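Chain nomenclature is as follows: A, B, C and D, assigned in order of appearance, with residue numbering initiated at 1 for each chain independently.
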Amino acid sequence: MRNNHSPAKPGEYKLIELLAVAGAREIRDGEVVFAGTGLPMLAVTLAQKTTAPRASIIYEAGSMDGRPVHLPSSVGDARCEYRASVSSGLLDVFSQLQRGVVDLAFLGGAEIDRYGNVNTTSIGGDYFHPAVRLTGSGGNPDINSLARRTVFIMVQEKRRFKEQVDYVTSPGWRVKKWPGGEWVTRQEAFGSVFRGGPVAVITSMAVFRFDEETGEMYLDTVHPGVTIEDVKNNVGFDLDVSRCRGETPPPTYHELYLLRNVIDPEGLFLGN
Amino acid sequence: MAKGKRMTIQEAVQLINDGDMITFSGFTIWRRPMAIVYEMVRQRKKNLHLIEVNSGTHGEILIGAGCVKVLETCWIGHELYGKVGANAARKLKSGELIVEDYSHVHMIMRFAAGAMGVPYLPTRASLGTDILNPEYDALGKHGLRDGSNPRIPRRKFEFLTDSFYGEQGDIIHVPAARPNVCIAHVQQVGEEGTVRVYGQRYSDAEAMKAADRVIVVAEEIVPEEVIRQDPTANLIPHYLVDAIVEQPWGAHPTGCFGYYEVDGMFIRDFYNKTRTQEGFDAWAEEWILKVNSFDEYLYKIGFRRLDMLRANSSYKYSTRVKRGA
Amino acid sequence: MAKGKRMTIQEAVQLINDGDMITFSGFTIWRRPMAIVYEMVRQRKKNLHLIEVNSGTHGEILIGAGCVKVLETCWIGHELYGKVGANAARKLKSGELIVEDYSHVHMIMRFAAGAMGVPYLPTRASLGTDILNPEYDALGKHGLRDGSNPRIPRRKFEFLTDSFYGEQGDIIHVPAARPNVCIAHVQQVGEEGTVRVYGQRYSDAEAMKAADRVIVVAEEIVPEEVIRQDPTANLIPHYLVDAIVEQPWGAHPTGCFGYYEVDGMFIRDFYNKTRTQEGFDAWAEEWILKVNSFDEYLYKIGFRRLDMLRANSSYKYSTRVKRGA
Amino acid sequence: MRNNHSPAKPGEYKLIELLAVAGAREIRDGEVVFAGTGLPMLAVTLAQKTTAPRASIIYEAGSMDGRPVHLPSSVGDARCEYRASVSSGLLDVFSQLQRGVVDLAFLGGAEIDRYGNVNTTSIGGDYFHPAVRLTGSGGNPDINSLARRTVFIMVQEKRRFKEQVDYVTSPGWRVKKWPGGEWVTRQEAFGSVFRGGPVAVITSMAVFRFDEETGEMYLDTVHPGVTIEDVKNNVGFDLDVSRCRGETPPPTYHELYLLRNVIDPEGLFLGN
């Protein structure tokens, strides 16, 4: 299994393993990646051990290009700093982000709309009296604003893929320009400092991308065993499926070996 | 020299006044000044205004206990061990808590502005988000931006454009954070107050420098002459520190680089039990109010569990604690 | 990994283009990248725009050699060993050099802005001084603030007021420093480019982070795996560094914490001999142009003198060098 | 001599020793002092060993409360950091200064006017073609702007004590408010962030202070052996001498012992 680069078959891998592999494939060698806890760590570490050995990872608590031997449970974890190039603090890493050092970011979200606007703040009711209050933004909008490309990793549910999210925590390709609130393109909102934006959404069912002209989400690949119809049924807006390229490539045996035996042998995120 | 700075947890908490604006060391569930937080609940502090880059288990405890009126932050939760701040959510919905949302960069720049002694800093982060929506200015909605409290800025944001480089697109000014008190848990402090932090320093320097008063709880108080043997490794000069307290394990259940691991089981238990006010009250009764001191709390946690959390001296984290599923 | 970063001094200097905006590590006469500076003179760099918090002996050499068109800084001199920057003064008076005066805080905030990726930072420093006098905007007077050079801001300052806290008095916005290249001399760099600085770090972090390209000369190139054993002691991550060069004594005659002392005699001799252009030309002929490499320069200085400058390993400075009258 | 606290007689001390002692007496115990190279170092170190053991010193290159055993030759010197509380860099110490941490500053100058405006930039000619170009401001105006009190230490010469300095490098009690250039009080220029300003000028002949109302310099004490007339002859503007309190107190034998044998035994600033 260790050196077998052929694709695994359905049933031989878990969903989370497929997602980690899909995430890893977004990373180009030598890139600086800003990532949060969980799946992004699996994705980046896997990429470093396969196709992107020279990718560096920044964690928002202050570590740069750590080389953990035990998977961190949080970006604040001491494990992040193991053999890091530098370990400092938030002001350092977020200043680097704002300076333009970061190529790619991995982020999560509770809700997303067709333009890639993401909500991690509150759902239902009104903002001051929400039905569900979430954690708040964290670094999600900052990282997504200031990196060159962002990949969101999310659970696929109809209630999460909405025509309009209840609160725009993190900006997509069409946003409101405050304080006026008029809708503008992301390029207009960011002006000269526009660097890019969401390029992919990797979910439990599929991989989505965004039209370069309109900024609208479209279906790129469906995960093995999932149909286009399944996906449409789990999206709350009219989804462009015309460009679907087929199946999301499954993990190889080698990738599964690395994930299970090298990267997360404790089953911290992969489970047992 | 400066012996007067050393005090007990009880004395240090007496330096915090009801209504104070407070900030903390640490990050989410790492290096939070829990020993002080528990004592703040025991001393029934009221109407606190928490201002933090991000909050965590410590904030949830103070909020659940009714000590907090305002929370300005970008995040509250318990990482892997509890996905939202359930006490903050409950009290927001009930109207007992005002939550002001900023983004992570906004908050770190607010603290940097406070530490630098300027009223604001510029940033480009989080344009196009509802964080900037003027309708969602919580302190403004509650009439708290009238200038009567000198620590609450009159606006949540200001929008400008660049005149130096001809850059298009808005620049956001975020107001300085100017807390009364920073409560920090660190690994070491010298007898005169020189602070040393090991591992990631999060936003500790900015938090301590932005505050008017600084209370430092350390795993160890060490000879000032020893901590000064490598001043480049120190974070905060003694003259910025007002009170020092020695309390080993004082950040439990949060983690402390080089000393101990996050106690994830303890935090998950807190999260599961305190999603209702009744649940919180029972939890606080058991773990705070019926426990007279932090030493008693540690005794209740027990040696076996604490020792399992203890960090390996090379790795700087525990290699014995059970993580994962 | 990243082996391509390692190069010779000659190769590193080829990364610097005529007309580039340049900044440096160090402070006045401490930890300046002298080996690179000498080679820049040998390669006859032209029309450089130096932008520094403060300048020193290195700046005087580049200016004396006619490499520099613009100097933006708050200070140029040689500390105890030469009280003004005589080459800068001479070329300012002759009109060969444009000097733009900012204050120390202005300059460090300009670099902080560059490092933070914002077009400006606010400050309150140096109100009421002629530094702010619009008549004394040197780049403006010379027609260089027309926006044609994207690295030169369109204004020297901007004046604002605070709308957050109702503070009276002007706030000054200073424009970000955005150099093409930072040339740094440090004690250690890892094979991949991770930078470690011992002792005071001056404005090194801001200088390196504000620049688009970073050239690092180190006393020692060390195994990346060793420098990563204590990442909290490191200053700059490898991915921000473009070129690394190993050159022991590479900051001579400036000082290098933990390695060697300032060579005050050498600097005083430079100051005394280079107050005229003829004097400078003769000095440069002797110490730069007739010397093919930095190793040859060290040989000319001689072992005895260098060894006297060598730092005591505990004190981090030389206890054998003769100072004082 | 070591424990003899009686005053030394003229001829038993050098001018620089008198200045160091006069400087030391401006420092109150527990204060945070921002000081430059040379005389200020002597003054602060002497104060720490006599009347202000708990004073801390910040050097602008980045060291805080160092306890040098060998006198530094510059604020960038490794000696500054010996047994310091923290050693970091410029942004840290200047941010602390701006934040309001610094009680007292010691600075120098080439020229000064009656309101305490100081020039260290250029003299004669016009600004773009000066007769004499000096070092530039360094941290002088910043430190003087942002500390609570400033003490200037200067050479006394008529050409240096001028009705109006050629270039205001460092602000006194009446300054121009830019960009308009109207003369205002220091209090007006700094507004809410006004903290204080120059409180004393210690020169080779005398100590001067400033009227709290008008901000004008007046003669406070003359050094032993110097007459009021001598001072007037070396001041280029009409000087108020009506409040002169007499002689600047000379060093004690104990202070001289400390300066010569403990603080600067190498004669770095004191000479031999």
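The rule is short, and it goes like this: contacts are C-beta pairs under 8 Å (C-beta built on N, C-alpha and C of every residue); 3 or more make two chains touch, one makes a residue touch a chain.
Predicted, not measured: the structure shown is a model, and the values here were computed from it.
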Common contacts of subunit A and subunit C, by label, are B
Rounded to the nearest whole Å, what is the centre-to-centre distance of subunit C and subunit D, using the mean of the C-alpha atoms as each centre? 27
Expressed in whole Å, how far the mean CA point of subunit A lies from that of subunit D is 57
CA centroids of subunit B and subunit C: separation to the nearest Å works out as 38
Residue numbers in subunit D touching 2 or more other chains? 63, 81, 87-88, 97-98, 146
By the touch definition above, subunit B meets two or more other chains at residues 117-118, 123-124, 165-167, 199-201, 232
Overall pattern in which the protein chains touch one another (line/ring/star/complete/other): other
Which of the chains are touching one another, listed as pairs? A-B, A-C, B-C, B-D, C-D
Subunit B residues touching subunit D in their complex are 1-2, 114-118, 190, 192, 194, 209, 225, 228-229, 231-232, 234-240
Can you check the complex and tell me which residues of subunit D touch subunit B? 32, 53-54, 56, 63-67, 81, 83-88, 95-101, 146
Would you mind writing out the residues of subunit C in touch with subunit D in their complex? 26-30, 53-54, 73-77, 79-80, 83-85, 88-89, 92-93, 95, 99, 101-106, 108, 112, 123-136, 138, 141, 157, 159, 166-170, 199-206, 255, 257-258, 262, 264, 311, 315-317, 319, 323-325
Residue set of subunit B touching subunit C in the complex reads 117-124, 147, 150, 153-155, 158, 162-167, 171, 173, 175-176, 178, 198-201, 232-233
Complex interface listing, subunit D residues touching subunit C: 37-38, 60-63, 70, 73-82, 87-91, 94, 97-98, 121, 125, 127-130, 132-142, 145-146, 167-171, 175-179, 181, 184, 186, 189-194, 264, 266-268, 271-272
